[in-house]
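Just below sit the structures, each encoded as structure tokens.
There are two complexes below, and they share chain A, which is joined by chain B in the first and by chain C in the second.
After this line comes the complex of A and B, so read on.
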């Protein structure tokens, strides 16, 4: 074969390779059903009921172009429900319901219903972790009640509740009374030496926004002095009869869902959640409120903290020491007591005591009530005493509730601000 | 495959049509001493050339001698013919020294008031000179012919450059007249080392051609190569410099220009100072310079007329612009049809919303819009200037808007295509911009079939091609590959002038240093009794 002929054939070959493969695996974006949220519930038939939130891009595009004639009635998403014996069974069934291909890569949250979580989610998680396209950065959360209803929540001004909830979790650190964990970390904890993960807790709450409340009043249909409950009922009736304004559902992201292995044990309230965050060193920013020298409330904003969990074997007995170093800014003073070098050490002690109280609340519930090592004490022992860990590994579940935990908190006021004295009326005299 | 087709075409030219490029040998002989014989022969040669003027007259000597003047109307300055040739020859020739018996010498030395006069005895040369604007003076009884330089006639004045516009900087551009062009360079380089070598090219057109270079800076190998390649040129005629460039450049199998085409004398001067060679062709305002590097296509003369901070920033901006011009539609097609997971969620949603109801796949949409844009651009250039602008505005606004509101294309695609088009306008090298416009399409095709993988494949092929190119022996991708870091002072960014001490390494290696070191401004030195800046030490 001559060189020229060979070159010709090579070029033809390359062209054919390109042309024959065509546009293999091509998907136009307008043929995709973009999934933003997944909710998994346990159905009455013991099957996994799966609800997905799908974006309607055209509605959002119309909104971006300036309303498009008050198309506010159109929701920016629609929900699809399917059920199956397993997760993948449910996912595949969507093809019988949706004209578009399911596209999971942009999913933001996965919500487990309380019933399903209590039954155990290991098998479901296995399937989720194997699903291609589904990112490991999605937030894992447990809904109090049905997970499906959370996807129907309306969170103004966002149009997609799943995306909005994702933003809420990202912003949790401002107040630090809720927990956030993504799929990757959740799976890592579940397969680690203390396989007791914690997930976000989300709760649906039916309530009315102020705007609607006032609108009704202006219409003169709401009587003055009527109780709040009556007003709600009234509006509900209005909504039902006129089909006009529907009662809006909103969600609250607070507290945490505590697992033992893959089963939900129960809930942490905001205080306990913060205690957990302190122990795990995940506390970022948060307001600490104490009673000041004259009994008034003082608020401090925690700015930075360090936590250390040190297991110690003392006279053959295992002791956990939790050390917290915290720094904060002075935020607010309800009384009129200025911060002075004299009273600062006393106030710092009070802050430390407040933190300690949170931690103890978390320990009480987690250790004594749920008997679930969500704090990662087992893993800490594993790291520090690998040999001894082998011996106690099997008995850890019995040992853990009896474990002695010593909590040490040090607190430091870093900045007390430029104002030395609160703006007391007539204080300048 | 292409080679084979090309070879067939070439063979048919060589043997098939057989253009007779030899001009015939009827006037290859010497000039006769008898005027009548000469005139008869010339009348034969110029038969049917109504613009050739034969003027027979007698010299104003005591004994009238017959003489004849030949020139081409329109190529000469009539004032010079009347005042400096006819008048002295007819009136004043005889009043000079009667002792001189050689009439030819008398006329040349005592009568003719023309600055540049050649002599010849070769008839072929006479014809050539007459045709290039000289006036030939035949004197009866003399075998020699005087060729007086009275070139003139109509030509375009020096105007502002049209394709290489700068905001600040010289506003002169080359014209169609070779000698004007040479003078524009000479005015900027008052140095005998600036050499101008003349030659002719084209068997029938006899186009004048000048090779310019600065002796002492230029690499002799390049000069030799240029001359060799020009010697090889054997064409019927060359009307524009571009056609000549295509013959002498290293290879034709590339979309990229391997020769710089410029119309700015200031740019040409700077290039000569770097050690480059310029080839000027009479009749074209576009001058060729060699060798050329890839990176120069992204440099504008504007860069040197602005401060080095803004100039460098603008240069980096152009790098972004070529990436946009080459890749943006392909990236859009690849990402929206294969890699949706790469887009941020809100962007994906708005792109999907915009594409809702568009009947074509993204690739077809992009292809149609790009071709439409290219058609509009071409129409804008071809149409008479006032109409051209109207077409581009109507095209861009009306067609784009109508297509979007009709739902045939998505608004995102209109943005992509117009951004691509505008980005390609920022490229200073016009031929280079054309190459990028062309290459956009194969890369788009690759993106539509193989996604980002295809784009990378295309870019790798492109890179391999670019590093294999040579311009008159110089690696095209220099100073990047081969890397000469010293030259990076004027590649991606432009250093301040005082930092550019050396010439480009590969081109100007004969005399590497072009200015003194340490020219940067600094506070006056205390020891030398300056004003003594207290903060300096």
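After this line comes the complex of A and C, so read on.
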């Protein structure tokens, strides 16, 4: 290789290096506005109003270092609202409001306002599933009331309500009175043969979180001296402002939002939600409270469960059988009755009855009131009797509310935690 | 002409990725649109058909272990018919190269860089495969030996991570609509596994031609297995209707992976799989097409053709389709039949002629 050729190659390689550093679609991190939550509401003008929560990384960094001290002065996020005839129109319009480009890949939740959800969300979901950066692991939820307000909620100790709500949904399985579904599963159910999804329900609570400050304020006049009085006055003042600062909205995540096709039908309360979770086999852990042998309360923690939905055609009539097998830990005893192999079967029956009650509540509302097959009974028939399903598919909406559902629950008590008996005062005779 | 030799193992590794390359990304959508929850059965059926075809291809190839299909087609079918069959075969491989050069760009513009002109991706891919093809079969063989294990490892990692998101009841009812949709759906997978017909050109360059039989069966077997498992998973995680609706289901499968809050957003790995797969697929198709063309024209060497032909193919890739809708419609409905007419039609025809005329170059 001659020297000239080598030089030529070196220059060429250097040019390539220049090309490497840049490409068309590059985006630098400090030009990006990272979206953590999206709220969609139906505006009075019938347009989709979209609110997004954007992170201020600078504030987060400052807080992490323990600096600042501004306290509530600088929030770690800002909200932007835009509206458009369609979802994508609203999204792109943000570029007229935000100095930074939207970055959707780290979004955690998408909240639909009640009004919008009642009108139907299929068209909005279309756009969402076309968007390449919006991942299908985001949580889908419906707000009772306006979705926008949920993004403004404050959830200590997190700085970003959307992220905090994401954590709450992940932690729901400890109590199992709320529903959680991600976009991927929501779409899977919506396009399946029982196209009635269920989403999380989130509600805003307007509540003062720090009541003590207000009590101090009320009986603040004491026998204290002047100097102390001043100090107290000062404290009160601070407490009052702080109290007001903290008198922010908080959210509560209970129940479920029930859809029929893509339209919101209504809400499930925690009991009905739990019934639904039992049927769907999504129950993880939950507290079951029954009345013990002496009328005292006994609490059990369900730790493991399995459900099976089996359709049966009996004398030409379709019957659904829901079979549930579940195991409990003995969690709490308000009386002083120890569990013995003799009384366990009776108590197990009571637990099963309590679960059955949850399930019946869910069925009553879902089947009779909303007439929405969220339980996946239609899909179960499709799976087991594909031929017959073709015949009744068209009439399923009429058939479903009259469907006979047999519920069978088998409960077992397995363990009792770290002690054998309640701490009876004076001990056992 | 080509003087290099590869091992049967290298040929196998080349064929595996040549089939999976774009198949694993595009096929599930085509097939699920027909067969819905039974798409995995379609893949199974398509792969079994592919294995049967492999038998025919190998039988023909090993009758003439020192010649390529272009060379013996004239000998078998006479000059005119032989030449026509030859150009039919060559054109298919070249057209497919341009088709997948376009696909390569479509995927990247859709998924990662929407503003970048698609031509840029296509040119870069064509530079890469032209370079490899220019290097010859030995270079390609070594590339495959290096990249294919990584490729398959990544596929298996991604599949493994989404096991926990599977809802097995989504796979039922099995054949709820009878076997009709399954058969209809099996045509694209059959057309893809039939890519093993590239062996008709590769056999003379394998150092021990007899081993190409086992290598080909292995290649189609591995591909079939990965196809079936991948499709089952896509349906179980995303739902059959969603698979039929999504542009790239496999991408979503990886993008929804979420393990214990720390292992998520692994879709960058998808890019590695896509780029590697498409690159090797393009290498194989381009090589087979070019070498065939130079033999068809009775040239001394195929290398002078590499650059001009790649320019043609990139341009063809651009003018061939207006939109991804056209690509998908052609890919799912027209292309498989075209592919099978070449990949299955030519070897079956030639094998029958060889039998009837009792021709063979084996001593």
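In this text, the second predicted complex is superposed on the first by the 366 of 429 C-alpha atoms of A that agree within 3 Å, B and C clash if a C-alpha of one lies under 4 Å from a C-alpha of the other, contacts with A are read in each partner's own complex, and residues count from 1 in each chain.
The rule is short, and it goes like this: contacts are C-beta pairs under 8 Å (C-beta built on N, C-alpha and C of every residue); 3 or more make two chains touch, one makes a residue touch a chain.
Everything numeric here is computed off the predicted structure, so don't read it as measured data.
Participant: Which partner chains sit in contact with A:163 here, chain B, chain C, both or neither? Use first/second/both/neither.
Facilitator: A:163 contacts chain B only, not chain C.
Participant: Have a look at where A:57 lands relative to chain B and chain C in the superposition and call it first, second, both or neither.
Facilitator: first
Participant: Kindly classify A:11 by the partners it touches after superposition: chain B alone (first), chain C alone (second), both, or neither?
Facilitator: A:11 contacts chain B only, not chain C.
Participant: Between chain B and chain C, pick out the one touching the greater number of residues of chain A.
Facilitator: Counting contacted residues of chain A, the larger count belongs to B.
Participant: Of the partners chain B and chain C, which touch A:36 in the superposed model: first, second, both, neither?
Facilitator: first
Participant: With the two complexes superposed on chain A, say which partner A:108 touches: chain B (first), chain C (second), both, or neither.
Facilitator: A:108 contacts chain B only, not chain C.
Participant: Both chain B and chain C contact which residues of chain A?
Facilitator: On chain A, the residues that contact chain B in one structure and chain C in the other are 23-25, 105, 135.
Participant: Within their complex, state which residues of chain A touch chain B.
Facilitator: 4, 8, 11, 18-19, 21-30, 32, 34, 36, 55, 57-62, 64, 103, 105-106, 108, 133, 135, 163
Participant: Which residues of chain A touch chain C once you look at their complex with the stated criterion?
Facilitator: 23-25, 105, 129, 132, 135-137, 170, 182, 184, 187-189, 191-192, 379, 382-384, 386-387, 389
Participant: Applying the document's contact rule, which stretches of chain C touch chain A when the two form their complex?
Facilitator: Against chain A, the touching part of chain C is residues 110-117, 120, 165, 167, 169-170, 172-173, 175-177, 237-239, 241-242, 245-246, 252, 255-256, 258, 261, 264-265.
Participant: Along chain B, where are the residues that touch chain A in the complex?
Facilitator: For this pair, the touching residues of chain B are 1, 3-4, 336-338, 340-341, 345, 348-358, 361-363, 445-446, 448-450.
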